[in-house]
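Each chain carries a letter (A, B and C) given by its place in the written order, and its residues are counted from 1.
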Amino acid sequence: MTDTAPPTVAPTVSRSRRLPAWLKLPVLIGGLITIFWILAALTVDSWPLYDPIEMVGRRLSPPSAEHWFGIDALGRDVLTRTLHGARFSLLMSCAVIASAVAVGSLLGAIAGYAGGFIDGLIMRLVDITLSFPPILLAMAVTAAMGPGLRNAAIAMIIVWWPAYARLMRGQVLSVKSREHVEAATASGAGHVRTLVTHILPLTWSPILVNATMDFGQVVLLAASLSFIGLGASPPTPEWGSMISEGAVHFYQWWICAGPGLAILSVVLGFNFLGDGLRDYLDPRSR
Amino acid sequence: MKPALNRQLPSWTHLRLAAALCVGVSALAMLPEGASAQDSTLVIARDIDINSLDPSRAWCDTCQIYMSNVYETLIGLDKDNKTLKPRLATKWEANADQSKFTFTLDPGAKFADGTPVEAKDVKWSMERLENIKGGASYMMDSVKSIDAKDAHTVVVTLSGPNSEFLNILTAPYTGVVNSKVASANGAIAAPGADTADKAESWFMQHSAGSGAYELVDYKPGEELRFKANPHYDRTKVGVADIVIKQTKDSVTQAQQLESGNVDVAMQIDPDTAKTIQADTVSVETIPSYNFLYVALSPGAKDGGKLLTKEVREAIGLALDYDGIIDFTVGGAGRKIASPIPNGFPGTDGLTLPQQNLEKAKELMKKAGHAEGFELNDAFPNMNVYGVDMSLLNQKIQQDLAKINIKVKLTPIEFSVWRDRVKSEGIALTTLFFAPDYYGSAQYVQYFGMIEGSPWWNRAGGKRDASFTNPQTETVLTKALSASEAQKDGIYKQLAQQMIDDRIIIPVVSPDLVLAHGKNITGVRYSACCNLMMDEIGRQ
Amino acid sequence: MTRYILRRLISIPLLLLGIVSIAFFISHTTQGDPLISIIGDRQMDNPDAVAAAKARWGLDKGLPEQYVIYLKNLVTGDLGTSFRTKQPVARDLLVRLPATLELVIAAMLVGSIAGIVLGVIAARFRDTMIDHIARLAALMGSSTPVFWSGLILLYIFSVVLGWLPGPGRFDARAVAPETVTGFLTIDSLLAGDFTAFGQAIYHLLLPAAVLGWTVMGIVSRLVRASMLDVLSQDYIVAARARGAGELRVLLNHALRNALVPTLTILGFTFAYLITGAVLTETIFAWPGIGSYAVDATRNLDYPAIIGVTIIGGSAFLISNLLTDIAYAFADPRIRLS
């Protein structure tokens, strides 16, 4: 039960076994959006775009045929910067999710497998961390370490790992008592070996679903931190800081329209994808 | 299950009730306003940046306005922003070498509680300003002793000549406080006040001055409310009730002004000013004494060594000054030659900076850096005088790329910036300055490469003394005992020295947008006091 | 059940201590020097002034000592004094709390009503175009950055159309009703000032809608799911068979039962609302706890940062507890995990 992911405790609904058409469409759209942004993040340098840092037009000009999303206050092309922004947002979110999953799962697995004092210690830490509203904790940590992409990422890992620790611990607990695991332990397999070869393989699917669903939330929080000036630094084309630059030039709405739509589409895409993934991997939750 | 249901349902009932209420009420909201609108109050929109309302601790632009209108200084600054005029002191005399001053107080001046302003209050206030060691206490640095000769005569003795001392006394931070009331609330003026004084939180909610207004209420992040001081009779106050409303950004201020929600908007930037269309609003763009500058620190631990005299000169020549003014303030700003505001003593006839990439590249080559290098630029991430510092630094980054200097930008909070510039120094940074009174010595003392001056310290003078300018100190001493007639020439010499140091490179003096309703009169910009509220009236 | 609740209650003080400690130590590892907001930029070069300010604000003591002092004061309800406002943090928070609560409650109202309507419609027209659109609208709610939707809506409704007021909680020129509860809506009603009440609501609409949108997303998903569940039950079929009107079946029979699981979820939305409130308040210049937190972070105002974190943490903790208890009532199986 994470504090930030949408609650996934929907009551069981009796429904036909055939997947209805609408379920496939969102997943498809989500997949396409996701692929587009991943592609953008990886290959944007070779796209026929302007330079994201250089001045390419008259400052504050509205959208036009040459500059679809308009020009910002420093004469840079907003579309170019928005597409370049994918690199920072996606890479950072990937890093955050991957680290949070790694740290969280490891500690959660240890807690679940070891039990007793270690379990208590880790889980109290989880409880305390989860007691903070995520943004306040992230703000406090980033403020303490100093603003910047790297520090914002660290802050977000601190915010996110406990959710995975809790999830993993629950998974390990439910798997631990299964016969083949008990058999493995009885046959003298080491703890690490049992954990890695017999328990972990059975627990990855809910983690994967959650990670996909959380991805959008990480993108959102990262942008929020940048927006209040704690994340990326200029002239990095990060979406949150682009919007905060646009907020100063409020009447020139196009400056923040591009990055805003980008965030919206990425989060939407991953939510669609996560929904589909959950249905596929864990049909019971429907 | 049943109890759970019971526990849940009531909240739902409330929800429905509230929903009905909500719908009914939105109809009400469309009703014309009026009944509760208090038309006589003058509303000023401003981003309130108060650090303290304690007269000896206050140090911010909004504090400057507050102090100017709630407390009175001995000497005032006339509308030409140059001439001194009587305020609490009706007349004053200086000895021959400008080291001893005698002030005669206005016998009619009264504090807001009706008690007269006396020499003991002046003495107490100046001593407290010095001993609290707050932001503005440096203004009392040259004071040796203050004597209350009689109830209406004050004699101030300085430790050395200071021809600018009278100008300092126009700075609102030197305002006179009702010592009896303040002491009763824990204020202490004697040495040791910096730790023993307990009056600051009282001052956050109360004023004890003789100015045209007194504090009604301060709600941090919301508003600062004033009412006219009933015992004030130096001028006739135009509006009795004034409130400064926290309004963060320029666009919102403009919007509020256009809709008639506010009467005066103080921080509309020139870009936004151009979008104002309402014919009920008067917008005037005037030159200001504020400026922003690039500071190069050869003594910075990280990268300072690269900043030799030649490289600093190249950087000065690589900056696109016109472009900077265009980008940061939409063209509404002026170039400025030295770190002394245009129009202050010594600035007439200085050569304004001009971009010259050829010469800059040549200098870089001569310095052995034709291929360029990387340079760190950490700057306070804020918006001052209509200039977005992040925008300014990105423009600097673009400009310096042309002479192959790759600037790495790090925007930081001001507090972090201050800490870093003090400890290890920052190779390239930008900052801003607004005058506290009319006079050029304050700039030389702050920006000159005099051993121990604030920017000498920040530029790393203790680590690298190569840029110390011993001449500046000698000439400054001369300036401080100079007569009015000599001042201009001597300050011009000092200004040229600071230009040649190439440590502080001023880039833009942003214009000020005076925006207010057409029915509002008397809004002007004062070099010492920002906004004088008692001059404002309504037609 | 009692034991479960008791166990949870006992854990609260410990968790609070954890929150306080973490908040305290995180804030005290900051890079910058908060003194600058106390004595100003120029005096930082004066070692005497720096030492005096440190002594006055208790920053000259070692960290463990400061921590012990902080805890001692905390027990008496003293959260320290803000470096920036020079007022007790507890007082600052108390003054600003009503603004935030008013916004959050309004957002919850707007969000749950819209969410319920949307959820019911989506369930009724299941798998049709209407359902898809409703679901998309809900999903957009939790995918849109509030700081962006706030800006865009402000631009549209306030600048272009001029229908709604700009940022702020009240008209600049209007006189706020006398403060009793701190809720402008309630205070204006108490004062019998309907114009002020209308204004307070008028200013509340946009931020509440922006913040409520996220809640709507969550609520409508849940209502839809539980409506679908309920609609297939025997008694609904029976009611329909008896010839009850469609609206009556939907609202009286189905919604009433579908709402129970939904209400238990409202606690969850609190997390969204706190995050949202910080950003919404920044955009809408709302003088609440959220904007206080942002200002405090920017000024390295430790006492304020810790204060906000503690208050936010405790509120979060309690709402989580209430949610879990409501859950345990609704679904006894939960207690096992």
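Heads up, the rule we're going with is that a contact is a pair of C-beta atoms (placed from the backbone, for glycine too) under 8 Å apart; a residue touches a chain by one contact, two chains touch by 3 or more.
All figures in this text were calculated on a predicted structure; none of them were measured in a lab.
K.L.:
Relative to chain B, which chain has the most distant C-alpha mean position?
P.N.:
A
K.L.:
Higher C-beta contact count, A-B or A-C?
P.N.:
A-C
K.L.:
Distance-wise, how many Å sit between the C-alpha centres of chain B and chain C, to the nearest whole number?
P.N.:
Chain centres of chain B and chain C, defined by C-alpha means, are spaced 36 Å apart.
K.L.:
Rounded to the nearest whole Å, what is the centre-to-centre distance of chain A and chain B, using the mean of the C-alpha atoms as each centre?
P.N.:
43
K.L.:
What is the distance, in whole Å, between the centres of chain A and chain C, each centre taken as the mean of its C-alpha atoms?
P.N.:
The separation of the two C-alpha centroids amounts to 22 Å.
K.L.:
Multi-chain contacts in chain B: which residues touch at least two other chains?
P.N.:
Only 252, 412-413, 416 qualify.
K.L.:
Do you know which chain A residues sit against two or more other chains?
P.N.:
Touching at least two other chains: 143, 146, 229, 247, 250-251.
K.L.:
Among all residues of chain C, which ones touch two or more of the remaining chains?
P.N.:
31-32, 159, 298, 300
K.L.:
How about chain A: which of its residues touch chain B in the complex?
P.N.:
53-55, 59-60, 73-75, 143, 146-148, 229, 233-235, 245, 247-251
K.L.:
Please give the residue numbers of chain B that touch chain C in the complex, ascending.
P.N.:
1, 3-5, 7-8, 11-12, 15, 18-19, 22, 25-26, 28-31, 33-39, 41, 43, 45, 51-52, 54, 57, 59-60, 133-138, 194-195, 200-201, 204, 219-222, 243, 245-248, 252, 255-256, 259, 261-262, 412-420, 422, 446, 454, 457
K.L.:
Enumerate the contact residues on chain B facing chain A in the complex.
P.N.:
On the chain B side, the touching residues are 249-252, 271-272, 275, 326-327, 381, 383, 388, 390-391, 393-395, 397-398, 409-413, 416.
K.L.:
Give every residue of chain A touching chain C within the complex, in rising order.
P.N.:
So the residues of chain A touching chain C come out as 3-4, 6-7, 10-15, 20, 22, 124, 127-137, 139-141, 143-146, 170, 216, 220-221, 223-224, 227-230, 240, 243-244, 246-247, 250-251, 253, 256-257, 259-260, 263-264, 267-268, 271-272.
K.L.:
In the complex formed with chain B, which residues of chain C make contact?
P.N.:
Those residues of chain C that touch chain B are 31-34, 36-46, 48-49, 52-53, 55-56, 81, 84-87, 92, 95-96, 109, 112-113, 158-159, 162, 166-168, 171-175, 177, 193-199, 201-202, 205, 259-260, 263-264, 285, 287, 291-292, 295, 298-300, 326, 329-330.
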